[in-house]
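Before anything else, here is the set of structures, which you'll find just below.
The following pair of complexes shares a single chain, subunit A, combined with subunit B in the former and subunit C in the latter.
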Partner chain A sequence: MMSSITARYWREIPQRYRGEASKSKKTGKTYFPPRLVEPKNGNRQFEPVKLDYEGNLITYTVIRVAPAGFEDQGAYALGIVELPGGARITAQIADCPLSDVKIGMKVRVVFRKIRDEGHEGIHCYGYKVVPA
Partner chain B sequence: MRDVAVIGVGMNKWGELWEKSLRDIFVEAALLAMDDASVDHIDSLYVGSMTPGLFIGQEHLGSLLADYLGQCPIPAARVESACASGGLAVRMGWMDVALGVSDIVLVGGVEKMLDVDGGAATYALATAADQEWECYNGATFPGLYAMIANAYQAKHNIPFDKFRKQLAQVAVKNHANGLLNPNAQFQSKVTPEQVMTSTMVADPLRLLDCSPITDGAAAAILCPLEMARAKFKKHSPVVIAASGAATDTLSLAHREDIAYLKATEVAAQHAYKMANMKPADIDFAEVHDCFTIAEICVIEALGFFEVGKGGDATLEGATALDGAKPINSSGGLKSKGHPVGATGVAQVVEVAHQLRGEAGKRQLQKARIGLTQNMGGSGGSTVVHIFKAV
Partner chain C sequence: MAQERVVGIVGYGSYIPRHRIKVEEIAKVWGMDPETIKRGLQLYEKSVPTPDQDVITMSVEAARRAVKRAGIDPKKIGAVYVGSESHPYAVKPTGTTVAEALGATPDIHTADMEFACKAGSEGMFVCYGLVKAGLIEYGLGIGADTSQGAPGDALEYSASAGAAAFLFGNGDVLATVDFTYSYMTDTPDFWRREHSFYPSHGGRFTGDPAYFKHILGCGRALLEMSRMKPSDFAHCVFHQPNGKFPMRVAKMLGFTEEQNKTGWLTPWLGNTYSGSSPMGLTAILDISKPGDKIFMVSYGSGAGSDGFIYTVTEHIKGKPELAPKTRPQLDENKFYIDYGTYAKFRGKILKAG
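This part shows the complex of A and B:
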């Protein structure tokens, strides 16, 4: 596993820690991460918004064979969540027994530690979702 | 544009090729293709390879492979579109010949995946997903396809037990076909029970729902159809009737419909239009079954079966060697192996063998028009080609 590049980690803090997104001035749709061009219509006018943190789980899985950096987290649920405004995020589903995870469940985005990185065990933070 | 023919194909047995290097396996396959075509030189080279930099610490493959193939100073390029790199290399070579820039072009694919351990290979493959917004949060490739599978099952409201059997049948069929392919990595039959009780990787996908990690290469020689007819008469020519390619969002989350492979539909529609054909005209196809769910979604997006009915068609035997629409007669990625950059070119090798009537024990009865579909990442890119015996 290549370690995260310091500048890249720092650059993504506004999204990972604070859910900073962009809202199209043309369609009103929310994009996360923010984009410079809106797909299909070419719009370049956006306003910064914060993600609305309650949404629906639209699909999920349980990762049984974890990738490097996640080995100590055992089996964990990972899903795609649709938030108001149409933004979608891929996130772990925490604080929920694996057998209770269901498509359509209401979830809320929370700030969590994602993993420890490298030999130094540096904490990497971001978002997960929990049952709402 | 000139019509383009495939005049030679080559691949070696795939698997865990510890004793051979990337350049060895590529040159072996390329020489087989050149010998098959009876050519001793090529005008240009396109090689599909997803990430030799991560797998063996080597970039600049165009020069390396032109050199070891004894073909310097021809122009050469590595082509990358994750697991669709091979298919895209075929498309680049087709363009080169069709546009009249080169006459004899070698299109190849290669990946040497076993020089690194499983963790490093998993990491390298995951670079085909969105590193910042999928992998950072713990996504894996089986995990992404598992989310497609669960979304598909929910969308089409298929009872889980039935869905589980549909997935298993893809693996059972492709292993049965691979048993008849001497070049396949796995020469082993699997039963539905074995698939459905194998180790869970990412629910609902189990180990035997996943294609393996493989070392391998494949190659094909292209030239103008007119030249094939005049100079290369060893085989009856196989013509490239169409080439189509399309992209979709890299992140699965951003697809309009997570349970549908839109890029595959778009690439196929371009190809059908170019060939002036419809899905019913295709006799057989080699498709990208990196996971069992992928084959079900792909055969629907190609228009072979109604959306939501690909699993039923598979269970009913429609995609078997003796079915109405044989899919992956080679064994597919599942059984033949999946050296990512080589996969799209190996599909062409199988189609050429079938169209020429040289597929041995797995020869299809009706093989006049064949299609290949090669897909990158979780469906973010797709390349489709249609081939015709003329």
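This part shows the complex of A and C:
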């Protein structure tokens, strides 16, 4: 049976698996997830670029009451990471005790399973960050 | 006459999860004496994957490291073969996800291998053959597992997680493949039936008629066909279901403890099944010098062994430093967990609801 998230996950493979972003040919700014239209100036000319995989943790929060699909993961940290080029990603912070998570820490983007779609659906893969 | 192609490894990478459980922690739960296990099996601790890690994620990490060391465009990879007995899906390939994450699709051939602990060396063998035949420029062979031992079973002390990836190509290879040989028979020493969660095994039957017969059969034939003797090799590496078997089989073939110790990771890593001897090979390549000869024989229950003889070249220089080395991954930045956390991580207990 086709599930509700299968097609969406499939469409997002380039960004989720490989960190593919779009760089504006007008302003040089990198957007992630990739954009088709640049805000403010309406530019539609972009070139695909691959994000660098090391960056800094800008801020984070601790999720103690996890949403559906993440209930088993207990308390986990979710952070915003700035990567070279200025792109920012939101990602779970893995392999790091909550007490060790610090704003400004260097992190590395890794390939992890984000969630399972129940017991019979797809495994959803993507990126998380770990201490560099 | 066509010039013979120099085919070998152009890049390699390994990945070991950071979490570990000690033999003492498992033995405590089942009322066993940890010293007996440590002495008998030469196992001290093993790696444990977090719930967000599986054969696909570990293969991607190891493969990215292999590509980085090779310094090639992933689009040139013509084949990805992932060998494992714990592929995340029963139906849906591991290889396509790995290839997609590398950016190697769509001009590529992928297949998933399964042959107990030998599936990793199978992928390596096929990649080597395809490159040698000139059908592909580069081929990626990966051995990865997140194997499970039934609670309380002897395998629970050893079944661990890790991945090793090897990129085969020709030209500037960092290690040439000089000889290969494979040895197979139908031997029911270890198996898992469809829908069974944990494997079954033949206890002591997994020793002489299985592990030792096949590794010795393959290893002796490999020495004979290469007209080489054990003392010609800088390093050897064998499949490592526990710490004891590989040391014993090395001695039986005429290798010394010194030759075997670099790739001997199981006492601290556990048995990474399809990743076992390939993982040992990554640790050897990390420290090897040009001219070093390496003797490798895998083993998979069911049963068979793939043997390889490699010679390290000048192109190894500077390559190990380009990505995380294997031994530091094993020795540093570890998180020790208790049995309860381990049981949760491995899906042995589930949250209600």
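Annotations
Definition applied: the second predicted complex is superposed on the first by the 125 of 132 C-alpha atoms of A that agree within 3 Å, B and C clash if a C-alpha of one lies under 4 Å from a C-alpha of the other, contacts with A are read in each partner's own complex, and residues count from 1 in each chain.
Operating definition for what follows: a residue touches a chain if its C-beta (ideal position, glycine included) is under 8 Å from a C-beta of that chain, and two chains touch if they have at least 3 such contacts.
Source: prediction; values computed, not measured.
Steric overlap between subunit B and subunit C is absent once the structures are superposed on subunit A; the two fit side by side.
Set against each other, subunit B and subunit C touch different numbers of residues in subunit A, with B touching more. By the touch criterion defined above, A:K113 reaches subunit C but does not reach subunit B.
In the superposed model, A:L51 makes contact with neither subunit B nor subunit C. Look at A:R18: by the touch rule set out above, it reaches subunit C but stays clear of subunit B.
Of the two partner chains, subunit B is the only one that A:T59 touches; subunit C does not reach it.
After overlaying the two complexes on the shared chain, residue contacts for A:Y125 are found with subunit C alone; subunit B is out of touch.
In the superposition on chain A, contact is made by A:I80 with subunit B only, not with subunit C.
Of the two partner chains placed by the overlay, only subunit B lies in contact with A:A91; subunit C stays clear of it.
When both complexes are overlaid on chain A, the residue A:I103 reaches subunit B alone and has no touch with subunit C. Between the C-alpha centres of subunit B and subunit C, as viewed from that of subunit A, the superposed structures give an angle of 150°, to the nearest 10. Aligning both complexes on chain A leaves subunit B and subunit C separated at their closest CA atoms by 12 Å. Overlap of the subunit B and subunit C interfaces on subunit A comprises residues 73, 114, 128. Put simply, subunit A touches subunit B in their complex at residues 1-2, 4, 8, 12, 33, 58-68, 70, 73, 76, 78-80, 88-92, 103, 114-115, 124, 126-128. Partner subunit A is touched in their complex by these residues of subunit B: 119, 122-123, 126, 130, 132-140, 142-143, 146-151, 154, 199-205, 251-254, 258-259. Taken together, the subunit A residues at the contact with subunit C in this complex read 13, 17-18, 50, 71-73, 94-95, 110-114, 123, 125, 128. Listing the residues of subunit C that touch subunit A in their complex gives 18, 50-54, 56-57, 60-61, 64, 88-89, 97, 100-103, 335, 351, 353.
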